[in-house]
Amino acid sequence: MLIQEQINVNTDGRGTYEVTSDVQQIVESAAVETGLCHVFIHHTSASLILCENADPSVRNDLERFMARIAPDGDPAYTHNNEGPDDMSAHIRTAITQTGLMIPVKNGRCVLGTWQGVYLWEHKARGRQRQLTITVYN
Amino acid sequence: MLIQEQINVNTDGRGTYEVTSDVQQIVESAAVETGLCHVFIHHTSASLILCENADPSVRNDLERFMARIAPDGDPAYTHNNEGPDDMSAHIRTAITQTGLMIPVKNGRCVLGTWQGVYLWEHKARGRQRQLTITVYN
Amino acid sequence: MLIQEQINVNTDGRGTYEVTSDVQQIVESAAVETGLCHVFIHHTSASLILCENADPSVRNDLERFMARIAPDGDPAYTHNNEGPDDMSAHIRTAITQTGLMIPVKNGRCVLGTWQGVYLWEHKARGRQRQLTITVYN
């Protein structure tokens, strides 16, 4: 059995957006008891992470980390057609994830206690982001 | 066919722990000839990497790299409830892997000559880490 | 259904090499309508990324980024048997991807408009790199 669904997530600019419950809902409706769930993002300036879900300051600190190692408007970058957040967004995407695979057990993603699924928008302005979720066994 | 197993790995603090043979054993007992094997870690302060398995200095140098770009006790971090290694562990997890997918051929993970599967503990103190391994075709 | 194929890619030194059409060809010949495609690289000094495919300056800037955070010949590294690009190549591999999973729909990888599949050679000199591609549903 393999079920594939697409969802859209509207972001309102740089930051993390939790999609754990959207993913769990698709897994539950797929009625896969034991298997795997794959979440894919169809973009090169937004990415996915599994991250601590209890304290929002973790995601703020992750932004600070990225701002330090891949800052906006870095004069070293030549690709800046879309502005100072253009290349920084591509770099941040490259060193995080475009896809996440999560085990499914008892009909649900078996995430650790502190693991949440986050879409990470790396562009300053919001946009609609497309995800494809595939559940199978 | 899809087989899913959980294993626990006890770490004794920051560093890499090879789990290649644990993974291969599960693949062999699964009797999947050609397929895929997924290794997942249920934590946000420890991660997984496929890394050079011949010279331990590679993993020591990887630690040095992480200590430079994501140091403990960085005053830029606000999330430090669990101490100076709290936020650095989350960052190191975010820029490595929470899951690894490896092709299976002739009943074994077909790793490159120098590829080993490593759990990377990012916390200073050891703890028990949980992995889920899924083998299927 | 699960089809697994191996391809070799000859690189001529550090840089990105697009393999999107090689991957799409295997997916098409696999005749999997809806499913997943996994691309795996059997090395620890070359990696995979999904990256912007329109402007080559994006990949040049990614090289500049890596040269800054994981430079060749860094005196902090002890592992340098193969020269100044030895440890930098392992680090760059560890913080990008060894495997990419892409959803398949209507018999093709459903990549975003700007997503291309790239092999990233991290060694200064070229070599033959081995990929395993698995398509299934």
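First chain written, first letter: the chains are A, B and C, and each begins at residue 1.
Assume a residue touches a chain if its C-beta (ideal position, glycine included) is under 8 Å from a C-beta of that chain, and two chains touch if they have at least 3 such contacts.
Source: prediction; values computed, not measured.
Looking at which positions face the partner, chain A and chain C present mostly different ones, since fewer than half of the interface numbers are shared. A rotation of 120 degrees, rounded to a multiple of 5, brings the CA atoms of chain B into register with those of chain C.
Chain geometry summary: the mean Cα position of chain A and that of chain C are 20 Å apart.
Multi-chain contact residues of chain A, defined as those touching 2 or more other chains: 69, 95, 97, 101.
Put simply, chain B touches chain A in their complex at residues 2, 4, 38, 40-45, 69-70, 76-79, 81, 87, 90-91, 94-95, 97-99, 101, 130, 132, 134, 136. Put simply, chain C touches chain A in their complex at residues 34-36, 49-52, 55, 57-58, 60-62, 64-65, 68-69, 95-97, 100-103, 105, 110-115, 137.
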